[in-house]
Every structure is written in C-alpha cells, then in structure tokens.
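Paired with subunit B in one complex and with subunit C in the other, subunit A is shared by the two complexes that follow.
Take a look at the complex of A and B:
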C-alpha cells in the first residue's frame, strides 16, 4: 500500500489529488504518516517511529493508523500493492 | 526527550461552498475548568460520567432575573419550579435566594415541606392532586391552583369538613399568539370558562380566590406572548374587582422562559435568539402596568421560571469510550453519557466541548451514548474535535429537567456534584448502587 504518485502534499497540511481535482486537509500526525507512506515505509516502521515521537502506545496507534488508511482508501488516495 | 501529545490522524475533504455567514468559530474551545475545578480532577474524584452544578451560576442567574423584574414591577415573587430540578441542594439555593416552591404532585409537595418551605409559600399546580394532597395543602394554607372543575368540586367538598377556607387561584389558558395554544391546563379565557370558574368560586363562597395563574407554554421564544397573557389576566383581575369587589392578590405568569440551548431544527443558535430576562420582564410588566389595574393595589407578580434559571448552572462531564466509522465513512464517537442521563437531547442540539486543549481540526461526528439502543444518539452531527478513547468532554447547559427526567436504564445513575461559592465540590446525590434498585423488588416464593 502506498500513496499514489501524483498526490501532492503541502507542508501546511493540504493534499491535492490531480486525478479527481479534490483537495483535502490533514492534521500534523496525518501529514507525517502520509510522508512516511510516500517514502514506502512499512506499517511497522511507521508505528515504531510514531510511538517514539508521540505519547501513544503501539496498540492504540495501530488502531488509529488503520482507521486513517481506511479513510485514504475511501478517498482513493492510495494504491494497493500488486 | 519528552514525547509530543498525540492527536489521532485525520483527513478531511474540502468542500467548496459558501463560508459561514454567521462567523461561527471553526475551533472548539475547551472547557477545562468549572468554577476553578479542573474537569479531569472532578472526573478523577467523582467518576465518569458526573453531573456538576455551579452554585455560583445559580445565584448569579437568579439575581439577574430578579433584578430584571424588580426594577420594572414593584411586587415580584419567584417560586422555584420543583419539576425542573428537585435535588434538595438545588432547591435550597433557590429558597435561600428568596424563592417559594412551585410543585405539581404530592411527592414534590412533601419534598418542599421537607426542605423547610412554609406551607403558605408552596404553590400547588398540576392536574393530578389527590384528595390527600389537597387536604394537606388546605391545612397548610398553601396556594392551590385549580386545573379543572372536578378538582374545584373536590376542594369544595373538602372545605365542608375543614375549618379552613382554601386559598385558591384558577389556572387560565388563552390565545397569546403562539400556536398550538396550550389549552390543556386550566380554564380557557376566550370561551368564558375562566369566568365560569370564577363565578362558581364566588357563588359557593367556600374558597378564597386570591390569584390567577397561567402557564402559556414552554421554551417560549416570544416575550410578547407574555405581554398578551399579562394583559388578559390583568383584565380578568380588574373584572373580578368590579363584579365582586375583590382584589386579586397575585397574578402568576408561570414559567416557560427559554434558556440559551439550541432547539433541534433551529437555524440560529439559542444563545443568539432566546429572549433575555429583561425582554420577558419588560413584556410582562408593561402588560400589567398598562392595564386597567388600580396602581394603588397592584397584585404581586409570581414567576415560576425553572429552565432559564438552572440550565446554565448544570454540566455533564463524560469520557470517550470509542471512535468508529459508519458505513458511509462518517465518524462516530461513543461516549459514556446516554440519553437516559441527558433526556433533553431529544429536543436540544446540546453543545459538547473537549475538556483539554485540542487542535483546530474538527470532524463531522455522530455522538452515540453507551446504551445498546439505536435511539441513543446525543448529537446526529456535530463538528467535533479529534478526541481519543478516554478523553474527557463537557456538555453545557443541562441543569434543567435532566436530573428529574433521567432514567435508570441499563446502567446506574452517577454522582451529582455541586461546587459551592468557595469552589469546593460536594456530592449532592450519590451514584446509585445495585441495592437501590434491587431493594424495591420482590421475588415470589416459587422463584426464590
């Protein structure tokens, strides 16, 4: 699973999808996760990094991570691994 | 290195359209403290959920209302509407401020007596007064507001055997320009029923007609309706004086003043649209003072305002149980406050605030209570911050009706805490325990 190549993410938290023309806003944690997905980090790597940086345990983070990627999928911003 | 505070990741589709022309704040300001007590500490000490009542707010609100009326009309008496909130501590704050009691059942009547209210300062309203209740009220010189002819004849019969002449008022309903007309309480003004009731009382001469009462509606957004009601009641009082030579001692305009809560379906928030105490006071006093009433013997104005005096003083504190997404992708948050504790969520869009600072991000969310019932919805859709499991929140303006219309359903009812004028919290109703429920039950022998 990774962010579609043509998705643009600004430093101020705006996401633009040139295929659909839709724009989105994301919060800081969402922005960091998107950046790591773009860098093709695995869910485990993302979880470890975020739990080091933020006051959150691994199980809770995993719950919010999958909820977030579910929304990315719903908005068709990601492409699944072949 | 200190870890950063985590906020759950969030993405929101931006919708092109008209910006809010009302300038609503895009951010949910937290309510972190209530009268200098932190929400987290209150929940830590008294559990979650917990009702919190600010004594300071009650007294300040009462003083504002009292000032609005006493600066416009010479004789004003408030009577605390027990059904709005009859927790003894709440009633006592109002009684200390000078309120009489307004009750609508034998249970409430006894509660008022238990709170030390003099019988002569209890107004007995409501359609269901038993013979036993009425007998007690007659003995105690309470002010009995007659709702229907059946009640009138019960009082007449009781007065035959009593050495006392019952002190009564008649309840009057009328057209005040607000529809549907509340015509279920008392006698109608326009069709002559009210005069009929007056005539029967005067002819029988077994009761002392000392007042006129009207309860024109609830959550009345039109102050002018009270002006119409006050004018009609003043005309009736003047007519009684002319016909029978009796001065009505008081005119009771009941309750029904709106609080600042927003009704479901309302376009503007209640905080912008609900009339102020000054608006109501101006309407009522001008209705009375501009009437034919003799200014040398004006009747006392009694007010039974409940909701508008207590709503702001009540808070309901709770915690997030879980977040989930509905099939549409819409966010849902489950909290530990259900509709059994927040009965008013059936007609209000209650304001829900985070209890700690949050980011600017808000997500359209449905807030569900913890009951295993589909109807347990506190808010269908609210722009809500990104709270996580365990985060606390505060529901504002819940002081009216929720602590009387609450239901013991599926769970037990929580603590109710009052914060005194010095900022000290006191439990004024302990959370229920299993025994409170089971001790009322009886098990037939064959099932034991």
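Take a look at the complex of A and C:
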C-alpha cells in the first residue's frame, strides 16, 4: 500500500490532497502511520513498530490499522493501481 | 521598464453575491507589470458595486442592455470611445457576447481591440448543444435535452432518471427531484432567460472548474483548475482552492486545441465517483473567480489584453497548487450625489 506521492502531511497533522483539494486532520498516531506508509513500510513492519511503541496488542492494532487504511482508500489517498 | 498606458473598458461590475467577473478581472489588470491601465467601467444597472469603487474603476458609463439591440449597445460604446478612447474591450457576460462578437469588425475599425471567440465556437458550446459537442470533441458530457414547452416535462421520465438538472440557456441551474419541481424551475428560468430550458442528466460527483485562455490557434495560454470549497445558495463559489490534477489540464488542452478556442473560458466539470470527467458547461468568458488564477501565478486578464493587442506571449506552464480564495462582502459608503450623477448623466 502506498500513499499518493503528492499528498502532503504537515507537522501539525494536516493532510492535503492537491488532486481533489480535500484536507483532513489526523492525530499523532495517524501521522506516524502515514509517515511509515510513505516510507513504504509493510503492514507487518508498521504493526511491530507500533506495538513496541504503544501499549496495544497485535490483534487490536491490526483492527484499527485496517480501519485507518480503509479510510485512506475511501478518501482516495492511496495510489490507484493498488 | 515603464508600463504601457492603455485604456481598458469592461462590463461585469456587479460584484454582488452572484458576482460578475469585472472587478476580479480589473484587479488582475491593476497588478500587471506591463500595463498601466485606465479602467472604464460599462454598467447596465446603476447599483453595480464596481461603479462606486473608485480605486478599482476610474470612470463608469451606463450602457443599454443587449436586448435593446446590438446596434444600440455598440453605438453607445462608440459614443463613449469618441470622448474617452478605449484600447481594449473585455465583455464579461455570456448574454452580451453575441452582440460584441457580431460587432468585432466595427469595433476593430474604430481601433477597439477585443479577443473573443468566433460565433461558431460560441454556438457549439451552448448547453443545448452539449451532446453534439461531446461527440465531436470526444469528451464525456451528461445527456441533455433542450425543451421549449412545459407539456414536454411529463415525458422527461422516458429519457431521464430523477434527480435531474434544469438549466437556463445563459445562467441558473437547479436540481429537480420530480416533474413538479421541473415545472417550477422551468417557469422561473424561461421567464428570466427565455427558451430553451435545458434538462440535463445529474452526474453525482465532485464539481471542479478550470479557468483557461485559448489563443485561437489551438494553444492553451494558461489554465488553472479549482475546486469550490464553499458554495452559496445560488451555487456560486465563495471559497476555492487550486488543484494539481493533470487530467483536468489535459482535458482543457483537448477542448481548446479541438475548438481552437479564442479568448477566456471556464470549464465546469464533474468528477464522478468512478473518476470520470464530465464536462457539464463551457462558459465563454473569464469567470468571477479568476483572481485566484492571478494569485496562483497566472495573470490571465493581463494575458487576454496582450492577445487582444496582438502582442507575443509565452503561455503559462505552471501555477501554485493549494492557493485559496475566500470571498467577503464589504459595504461601500457613497453619496446620493454619485448615484444621481450616474442615473441622470449616465456616467460617473
């Protein structure tokens, strides 16, 4: 899964999609996940990193992770050929 | 480099909640690094706000509506030109373009330059001609049908699914969910803009717009796409943002090169949920949100003047993405003597 290259994420968590003109706000955790997706980390790498950093088990994280990425897809922030 | 002094006359000073493009076009011209323009406003109504904005318009003259006859309007322009010479004339309303296009040669002979589409270009992008247009230029358009009688409304369900759009030939567009609503909008629109009234398939999606300028030889001189972020009850943009979407620019190039479009234009496009681009309207003039393009790096009003004067011009190839405009309202305090002067003498 890859975030579209032209999506800009600011330090304050403001996400701007210049193709649609839409903007969104995400929290710190969302920013971290977006950054890892931009770095083309795999879901496994992201899960390991987040479970190390936060007090959450792998199954719970996965549920939230797929909710989050589903939303990114719905908002068309993911590359179309994915 | 000293700026070239020119005199530019334009209409569209109605900077209301349904604004004409005059004032934003003037703001672009005022920011030109090459022209020092004297702005002559041409007003149809005596309460068009631009008339009283003396830092925007240098002098205003009242002009008759084109419905009073092309000759009446053009004679008034020539009369103004005689005492206050005009170098370039920029009409900013769809409804007056026909008169100015027809009089292009007359104006040229009087040394008034314009840069307008040809009559053929103007006609083929009419809302009522959209299906033919889509076929000719290979662009997706919604299914449309012009109607001229109210008894045609009950049969619309044979060709359309509700909701559908009811549109005036020049302005106004309403969404209708049933035949009763179509009838209501039909009566309102036909009384205001005449016939036909255009019935158009409603495409669900996001509306985006492009302001563009064609050089008349098939080249795009500039183009900036925008998405409305705040829309008034009349469907007008109150805020918008420039977009980075190559598909919109490619579609604009395709239309301008196909038509060899001459002059300013606004494309109204719906990006469907399937990501298809449907052209829903082609407006034959610069839109009221053109100052966003100026702010994003493309001074299209200045470019239009250069084209009108036959000057060489390198097309714009970029603009800033994520530039926004937000409209605001502002109360001008003026005096009844100004209003009186315009109303009685026809100039201010």
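In the analysis below, the second predicted complex is superposed on the first by the 79 of 82 C-alpha atoms of A that agree within 3 Å, B and C clash if a C-alpha of one lies under 4 Å from a C-alpha of the other, contacts with A are read in each partner's own complex, and residues count from 1 in each chain.
In this section, contacts are C-beta pairs under 8 Å (C-beta built on N, C-alpha and C of every residue); 3 or more make two chains touch, one makes a residue touch a chain.
Predicted, not measured: the structure shown is a model, and the values here were computed from it.
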{"item": "First, second, both or neither for A:64, with subunit B first and subunit C second", "value": "first"}
{"item": "Subunit A: partner with more touched residues, subunit B or subunit C", "value": "B"}
{"item": "Partner chain(s) touched by A:46 [first = subunit B, second = subunit C, both, neither]", "value": "neither"}
{"item": "Partner chain in contact with A:6 - subunit B first, subunit C second, else both or neither", "value": "second"}
{"item": "Partner chain(s) touched by A:18 [first = subunit B, second = subunit C, both, neither]", "value": "second"}
{"item": "Partner chain in contact with A:74 - subunit B first, subunit C second, else both or neither", "value": "first"}
{"item": "First, second, both or neither for A:37, with subunit B first and subunit C second", "value": "neither"}
{"item": "On subunit A, positions contacted by subunit B and by subunit C", "value": "none"}
{"item": "Subunit A-facing residues of subunit C, complex", "value": "206, 208, 226-227, 229, 240-245, 271, 275, 321-322"}
{"item": "Complex contact set, residues of subunit A against subunit B", "value": "15, 22-30, 33, 50, 52-56, 60-61, 64-65, 67-68, 70-72, 74-75"}
{"item": "Subunit C-touching residues of subunit A, taken from the complex the two chains share", "value": "6, 8, 16, 18-21, 80"}
{"item": "Contacting residues of subunit B [partner subunit A, same complex]", "value": "3-14, 323, 325, 329, 359, 361, 386, 388-389"}
